[in-house]
Each structure stands twice: as structure tokens, then as C-alpha cells.
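Here's the structure, in C-alpha cells; my notes come after.
Going in written order, the chains are labelled A, B, C and D, and every chain counts its residues from 1.
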Amino acid sequence: MNAVTYPQDNPHLWFTQLRAIIGIELGRVLFTSRATAIYVVAAVPIILLTTVGYIDNPRTGGPITGNIANARYAFAVIYAGFLLGTMVFLGSASLFISLFRGEILDRSLHYYLLSPVRREILAAGKYLAGLIASIGLFGTVTLVCYLLLYLPYGVSQMMSDFSSGPAARELTLYLLTTVFACIGYGAVFLLLGLFFRNPIFPILVLIGWELMHFILPPALKMISVVHYLKGIMPPQPWRGPIAVVMASPPAAVCMLALTGLTAVALILTVLRLKRIELRYTDS
Amino acid sequence: MAVYERSYHGYDGELTGTGNRILVISKFTTRELFRSRMFCAFFAICFVPSVSFLIAIYLRYNLEMLTELQIPIDEIFIIDAGFFINFLQYPQASLSFLLALVVGPGMISPDLRDNAMPLYLSRALTKTDYLLGKLLVLVVLLSLITWVPAVLLFFIHAYLGPEGWLVDNLQLPFAFIVTSFAWIFTLSLTALALSAWIKWKQVAQITFFGFFVMSSALGEAVREIFGGWLGSAFSAFDSYAVLISYAANEPVPISMPPSVAIMNMLVLSALATALIFQRIRAKEVA
Amino acid sequence: MTRGNDAIEISGVSKFYGEVLGVNRVDLTVMPGITGLVGPNGSGKSTLMNLIAGLLTPTKGTISILGLTNREPQLLYQHIGYCAQVDSFPPRMTGRQFLINYLRVHGFDKRSAAHLAHEALTRVSLLATADRRIDGYSKGMRQRIKLAQSICHQPRVMVLDEPLNGLDPIARAEIIDLFLELAAGGAHILVSSHILHEVDLISDRVVFLSNGYVVAEGDVQGIQGEIKHHPIQIRICSEAAPVIAARVFDLPDVVEARLHDDRRNVFVRTRNADRFFLAFNQMIMDHPWTIEAVSPVDESVEAVYQYLVADEPVSQ
Amino acid sequence: MEADGAGAGLADATTPPPGVRNDQPPPADGADLATDARSQPVIELQNLSVTLRGHPVLKSLTTRVTGRCIGLLGPNGAGKTTLLNTLLGFYPSTTGSAKVLGRDIRERAVRQQIGYMPENDSFIAGMSGVNFVRYMGELSGLPPEQALERAHEVFFYVGLGEARYRNVEAYSLGMKQLVKLAQAIIHGPRLLFLDEPTNGLDPPARTRMLQLIREIRDSGEARVIISSHLLRDVEECCEEVLILRHGEIATYCNLAEQRRSIEKFLLLQVVGAPATDAGPDPVDAFVAGLRDRGCEVGMQNRRRLRAVLPPTMEVRNVYELATALNVQIRGLDHKRDSLEDIFLRAMEGDHRPGDGS
């Protein structure tokens, strides 16, 4: 009895393979010991904002953030500095780099390269798994943190802000920024993970590039992720040196530009994957 | 005339006591470190601020050279306790952090990756000797760029400077030594703990770098929301700064009570030591 | 199943890593059956296996495996099973899960993957520990799960880099039987190994590699035969060794007879083995000697290895 | 489970004769060992048990090992590595005790006299070969000057003289094994644990490694325990064999005694004239002829036969048949118990393949 149907006779073979790779990679990225660092990074802001919600300001007796407008301003600062700058950046760095470089260090990438799967599908499978994990995790954290702001002000305040106030629009923009940050940083780190033997360099390279971005000439600004993220984020009342910044293009253009940047990075990844040569024995 | 055919013969010379194994480990680890030119260059750079402060002190007390340069002496060069505190707090704190980042994770991770532990443990030494040997290297290197130059500069200044300055500032060197040791042990133990648990040196370095950057970023965020000193409780750098000024009984730059600063360092060191000992108890070998 | 031709064609292949030589101008046709790959470390053995498995692309020349090349991996790897020398696995996975994942990436549906995985686990007799995590496996079990992974998708070409490394004698015998069974089924099996007597036992033909060149290819006897100009040496052990040593010169083509100092073994060197042995049969008929043992010192694969590849002595 | 008959008999054996390798004449000098070194047991186990992660791996082992070179054998998961690691003090023994060279394994000083060669690659990255061995020497208690001098000496002894200034991670697999042996013998230990010393070596390197082990054994300055799966290598170096199964001692015996030579069991290598279309293939005719004369014949492959002669038949008759059929007897040997047979006999009663703990 031949209970086995061979892949060649499977009409939509590539879809089965894609689903399989995504499943495997999600398991590897979210449920192994290396993933604990990402969960810790994601938990910190939630814990912080919950404490903020519960503790009352000793002097005024009211919520620490004074009024909701001030709270939203504080969120903007925390979002740009901590949530986006550290959590999403470092989180997606460790997550996307480990997709390829992690497997090369573990010497298990050859199991994929030896499977009859197109390199395009392999790269797409890995990238999508990374996206699902990062957007799922960091998107939820952004949403939860934003809602936690309303903890001291009660549900009614939240309802009114969402129905009439600026909250709905602001939250959508924040979520979009997080999503596009994952998409943009994800593709770039996936590519850098394939090229650099030592993962610390891609991270330092990008930190340097992103930090310098506001002093870069306009031409070079075009290819830095943070420049477009600024366009999507709610307008920031910047203080300090970063205030002097070239106005980012409107949100729609930024999203398009980021998608384009991602596509370029993915194409380079596939080309590199097609030519990669693994030599474990005497590497 | 004799033909010595190359047969095996044992070693029957005298043997050293088992006590000196820690020093052997430290000696060889240091020797291997300084074999890489990149590290020697980096280590030399760590001494640049010490030398420049020395020159500053020297210039301060040789007026003739300054007069030609028409620099108003008194406003710029007030060499007092604050001078040394700034020396320790700014250049040396970040340089010692970078040194710990460069050296620390490379202490144990390569041995784990290359499965060298059985070579150590099959000899008459325990894992504690191994860890103390590695820790000693870190502590010595970090001391060379924190309290050692500070104390030296202090005594040079006491020698060159006004009479009686030494007597009424005598508590400074002790302050520098005690706080620097607290800072050194915090850095070294954290680096060793990460190095003992993570097989790849580079990953341990990222984690070490990420941990401190993350904690100070978190401190920033907390300061944004709460204001006051709670934010700096998260940052080890601020704790070090607070401790130095407090120990030298100078005005403390950040309003954080020194007890919180000490607690920050103690918690970190205790956690790191616990992680290291947890690794010792786990009898994993080859 | 795409019906490529039924051979592995390696024509004029060279592989360089920068200026380091991997293999140089290899021309080889590998037919179905077991092919042993033998050569010292660094002789290009692993490079050749990785080239055939498609993990490496030749710097010059072409490799076609059953008519396919590694430019279309989605077709090639349906027919190739590879067992690497390195034993490393994706983290936190049980043996069965590891196989099922590998098969799912191949494109098999859940049911077929589970069935094939079960079959492969049975063949390497790992069913008992299939559902335990691989990082808890002993060295021998890790070797078996790697072998299972290289045969579970029923490939027609198997490239195995030191497959018996670290296996205990019982496991070695079982895995050798598995190879013989698969070869009987018409598969190409490429085995690299340092245990020469095992290679000689199981392989239909042996490829000798040295410093990146293929120095000889064929079955051991054939190779030995071709090294005509090199007289072969035979050890004869008998009580009557001294007498044999004296009389053996009457036989044709005998060039040397050396009596061992234990006076029970005599080493005879002859230029033509066939004629010598037939004459030797007759000689025993004419004399009352009792022969305890006769062994061809040069016919073993160790001797051929030493002659072709190594410059240091290789014990039996 | 008490070790089976052969093993128990050994406990009070007198000095076993130097090992006789299967087909090479015995060593000429019959190494004369100081008798006291001979009688003092290398390892004494007193119902030693070890449980790892709640799983019993060694089950109350009791034995006294006294040979100069002992092979430690057993299928995967039988507890070989665990026993080695317990004797080295890596794993705590759950119950029972063990003595190495007369001292309890819990004493730290006992490891001063032990040399250990780990199974997998193990070295210290970034160090040159001689520097690495010198470091290990100083860690074993040698003063710095002697350590350097001794490092060069052992490097030349193991034959790595010319590679001693290169970094260890640039060494080939064979050289890494040799440098591991060098670091194990630098402090002149009285007991050497070698875990899979010849694993993955190419034939010349394997021959050199076995030669070194034999030299160390014959020098009488160190006893050697080899844990390996390659039975031929163990057969070439060891006089005694301790076989473990499921964490118990299956057999502990002296190789020379165990090799019962069975006169009538022949191993033949035959070559017939190319099968002309006239008669049947000579080799098949030869086999048929042997069977007519009452021999049991097994054909391993076209060239190799196993034949069990009936009592009435002699080797001479085999030659008669060969001459008549023009078949060349290229190889003929009386089958003797190889270590493989001893190993398989020890595994009897274990028909489940791939047991593994």
C-alpha cells in the first residue's frame, strides 16, 4: 500500500512548503531558550506602565502623569526612545539575525539547503515567520502600553478619547509605526545576518547609521529606516538636538518607501542564499 | 657514543602545590590577551585620559608655561576633589565598561565552545579555582584603569599642590578604592556570569552591551515619567557616580540616595554570582 | 519521478577555496551500488562529497546527478540524502519531529510525512527513543537519527560522510546491512570512511583520493592487479617454513623469500600472483607440509592505500 | 548480576602474559615490569552506582582492574563515558566507592596522577600548540621552566614537532588528537584515560597513535585505559577488556586467554580462473566440492569464504580440491576468537538491537 503522496504530485507544492517552513521557524524563534531575551524586553514596558497606572503622585494625590494630554505626551517620548528605539530595534535584531546566522552558528542550516525547496520560498518562509513573531509580540506590547495610559483615568475617559478625541488616530499611527519598523528592520537584519559572521557588527552598524541619520545629507537619509518611521509616527513635539530634523515625507510615502526598502533587502537575501556555500567540516 | 631511541619516559621532577593553580590560570589568560595587538592598542587608549589629567595637574603648578598661553589660570584649573571625581566618573567609567565588554565575555565562552572544561577539571583544580583565576584577570585590568590612576594622580597632586591639602583630603583615596572596587566587581561578575552561560563570545558581548544600554534607556524612560531620581536607580553608571561623590563627601550630582546606589550594585553582583554558582553546581562536562 | 539518466557524472571538476585546493580535475562516473571514498584528512574527500551533494559549486567543470545540477535545488534534492560529519541539530526537537519537519519542508503532507518518518526510524532501529529530545541522545543515537534523516525521503543517491563514526559494533553491523539492502535496491551510496577493512567489506568499488586528486578508482583487486610493476608479497605460516623458504625459488616469478626470525613465517615476493598460487597448490601436493595460514600482505585495502596514498606505514 | 564465569575467574589470576596480537609474532623483549607495579590494582570499584537526572546509569559495579592496558567497551549508552567521568570526579557517585591507584576518587590529589584525553575536540582557542601543552603542564603542577621544556619534549615525542608554533584550532583532526595525547602525558601520569583516541583518524595517523599507546604501555611508567568502539584498535593495544552492558559489567577478561583457537574453522580467500563458458564457475565448483566432503561453507562475498571442516578432513584436502579445480587459495587462516566474538558473546541475551539507555 502506498500511503505516501509524493511532492511532485502536490499541485500547490510551494504553499505547503512555505507553511511548513513558517511553522518550523515560529517554533524555533519563539519557543527556544534564545527567545527568552525578547520576552523580557517586551515585558519591561508593560510592567513599567502598569506601575505608573497604579502609583499616585505623592504630592497631588492624582495620577502621576497629571492629565491625559500630559500622559499622551509622556507615551510619545517613551515610545520613540524606549519602545521603538530599544525594544523593537534590539528585539527584531536578535530575532531576525538568528533566523539565518543563528542556524549557521548552530550548524543546522544545511538541513534546509538540502531540501528540495526553492531558495525564494525558504527566504520568504523565514522572513514571514520573523514578521509574524515580531509584529505579534511588539504590536501587542504597543497596544497594551497605550491602553495602560488610561488606567488611572478610567474607562470612560478612554471611551470618549477613542470616540471623539485623538486617541483612535494616534493609536493606529503608533501601531503602523511598529508594524513597519518590524518590516523594515526585519528585512535589513535578515540580510545582515547572512553576510556578517559576527552578529554584533550589523547591530553596531545600524545603531551608528540610525543615530547619525539626522546629520546625514538628504540623499543618504533616503535609505535609513528611522527617517520613514518618523513620517508614520504621530507628530512629535521634539525637544533637544533631534528637533532640528528634515521634515519626513507624508505617512503614505513613508510606508511605500519602507516596503520598497524591504523588497530590495529580500531580493539581496535570496541572491546571497542561492550562492551560499557551507563548509562546516573545516570552517 | 650512544644511540638514544625515542621511547616514552614519565616526568619525575618536583611538583608545585595545588594552591597556585589560580595564578597559573590568570597568568596564561592575561598573556593570551596581550598577544592580540588590537587589545594592546585598546588598553593603551584607556590610559590616555589618565595621562591628560596628569599633564593638567603638572601644568597647573608650572605657571610660567601657562602665562605665555594667556589662559586665565584660576577659572579653568580648580583642582579639587571634584576634579578627581570627574576623572573617575566620566572617562574612566565608560572606558572600564568598554574594557569589561571587550574582555569579560571572552573569559569563559571560548572554553565552553571548544569544550576545554574537561581539560581543566581532569586536573587537580576545581571549577572555583578556574572562576577565581578568570575573575582575578578582570579585576586587575579594571583596577589599572580606575582607582590605581586616581590614587596616583591624588598623591602626585598632593606632592605638587599646596601644603596641608593631603591631610584634609585624606579620605579621598580610600573613597576611590572602595567605590571603584564595587564598580569593578559589578562589571566583572556580570560579564563572567554572561560568559559562563552563553557559548558564543559575540552573543555574550551583545547581551552585556544590550543589558546596560537597556537599563539606562529604561532609566531615561522612568525619569521622563516620574522625574526625580527613580530613573537613575536603573542605571549602574549613575549609581557609580553617586557613590564616588558620596564616599568623597562631595555634593552628590544626582538626588538618588546612596543606599539605593549601593543596593543597585549589590543586587547585580549577587544575581551574577548566583548565576555563576548555578553553572558550577550543574555538573555538565563534555 | 523525473527520469534522469541513472549515473553521477563528474567531468573535469576542480574546486578552489581562494588559493586553497579542494579537488583538482576529477573525472568520475559513479554507477549504482556502494562506492567507498578513502583518503587521508585534507585529501579533498569532504570537498568531493559536498560537491556531489550540491552544497558546493565547482569552480570549473560540471557535476550532473541523475541528469540534474544544484542550480535547480527543488528538483535535485528530491533524490539526494546527505549525512554530514558534523553532528548538530535544530534545538529542542524530538527525533520524530526532526524527521517530520524535514519531510514537511520537502512538501510531503502530514500523513505521508508521519508514515515515512516512522519507516525511517524503524530502519535505523530508533523507534524506542524516537519521541525523546535529540539533545538527550548518546553519540550513537545521534548518528542513527542523522542516517534516518538521509534516507527518510527515499532518495536514489545517498552521500554519507563517515556514517559509522562513533557507532558500537552491533550498530555498525546493522547499519552496514542497511547499506547493502539499499544498494541492492539500485541506490547510489557514497560512503567515506577511515576504517579500511570495513570499506573493503561493504563497497563494490573504492575511490582513492590524495591531495585533491583521484589517484585510483575501481574494486580493490582490480586496482591491485593494475599495479603490475609492483611485486606483491605473501605471508606463509607453517612449521616447515624454513624448507618452504628454500624450495619456493623453484616456482615461477618468485623474486624474494624472507624468513621471519620466529622461523614459522616466510614472506615471499612474486611478480605474477596467479601463476605463483597455482604452482604453490601443486607444490603442497608434492610435499608433506601442513599450512597453518596464508595471507596476501599486499592485497588488503590497507596495502593498496599505503602504496597509493600514504607515505607512512599502515598496519593490517 | 555477577560477572559471568570467565570474568570471575580472573580476579585472582597471576600476572597475565603480555598480549599476543592476532597475527603478529609476540614482542621480542616481553617487557619486564616491576612486580609490585604489576600487582597494585589500577582501579577498584566497590558496588559503585551512578544515577544521572534520576536515571540509573551505572548499577553497583564491583571489580579490580590490574592489567597494564585495559580496553573499556560496550554499546552506546552502556555507561562507558559515565564510568570514565565518575573516576575523574566529574560526576558524584550515588552509592558505593571507587579507588584509583589505591586512593579514593574523591581526593583531589588523585587527579594529579591521572592523564585524560577527552573524546571530542577540546583545546583552548588562540593558543599555539606548545603554549597550550605548557599551560596544561603548569596546571598539572609542573614549575614553569620544566613545563616549557617538557612541552617541547612531548611534542616531539608524539611527532608534532614541526607544528608546535601554529595555533591548535588550525590543526587537522589527527594533529588535534595527538596534541590531546601530549597534554595528557606531559605531567607523567601513572594512569592514562583515553576516550576514543583513534576516532576519525586516517589510517597513517591511527597507526602512529596506536604505536604511541603501545610504547607508553610497554614503558611501564603508566597504565592505560582505552574506551573505544574500534575493536581492532583495542585488540592491537590492550591485554584486558572490561565490557559494560546496561550499566553492568558483562565481561572482564584477559584477551590472550579468551582466544580459543578453533582448529577446524577456516577463513578462505579464493580466486578462480575467469568463468569460461565451458564448465561451471571454478569458485562455485570449489564450494560445491567442499560441501560434498561434508564442510559447512558460508560465502561472505565472491572472494571470501568461511568453511567448517568435518573431523575427517585436513587442510591438505582443501589444497587437493583447489589444485584439481585450478582455484587459487589467496588467503587461508584458522579462525580465532577475535575481540568482536568476545564482544558479541558478552552481548548475548541482548537481541533487541539499538537498545541505548
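Please note the rule applied: a residue touches a chain if its C-beta (ideal position, glycine included) is under 8 Å from a C-beta of that chain, and two chains touch if they have at least 3 such contacts.
Just so it is clear, the structure is predicted and the values come from calculations on it, not from any experiment.
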**Study point:** Interface with more contacting C-beta pairs, comparing C-D to A-B
**Key:** C-D
Check your understanding: If you average the CA atoms of chain C and of chain D, how many Å lie between those two points?
Key -> 23
Exercise for review: With chain centres taken as the means of their Cα atoms, state the distance from chain A to chain B in Å.
Suggested key: 35
Point to revise | chain A and chain C, separation of their C-alpha mean positions in angstrom | key: 50
Practice item. Between chain B and chain D, tell me the centre distance in angstrom, where each centre is the average of that chain's C-alpha atoms. Key: 51
Point to revise | Residues of chain C touching at least two other chains | key: 42
Point to revise | Sequence positions of chain A contacting 2 or more other chains | key: none
Exercise for review: Note the residues in chain D that touch 2 or more other chains, in rising order.
Suggested key: none
Review point. Should the pattern of chain-chain touching be classed as line, ring, star, complete or other?
Key: ring
Revision key, fill the gap. Which chains touch? The pairs are A-B, A-C, B-D, C-D
**Study point:** Residues on chain D engaged by chain B in the complex (per definition of touch)
**Key:** 81, 85, 88-92, 108-109, 111-112, 114, 116, 118-127, 135-136, 138-143, 146, 150, 156-157, 169, 183, 185-190, 193, 212, 215-216, 219, 221-222
Practice item. Can you check the complex and tell me which residues of chain C touch chain D? Key: 39-42, 124-126, 128-129, 137-141, 144, 162, 165-172, 174, 194-197, 201, 221, 260-262, 264-265, 273-274, 277-278, 281-282, 284-285, 290-296, 299, 302, 305-306, 310-316
Exercise for review: Under the touch definition given earlier, write down the residues of chain B that touch chain A in their complex.
Suggested key: 200, 202-203, 205-207, 209-210, 213-214, 217-218, 220-222, 224-226
Point to revise | chain C partner contacts - residues on chain A that touch it in the complex | key: 3-8, 10, 13, 16-17, 20-21, 23-24, 27-28, 31-33, 103, 106-108, 110-119, 275, 277-282
Study note, to complete from the structure: chain B partner, complex, touching residues on chain A are 37, 41, 44-45, 48, 52, 64-65, 74, 77-78, 81-82, 85-86, 90, 94, 105, 198-200, 203
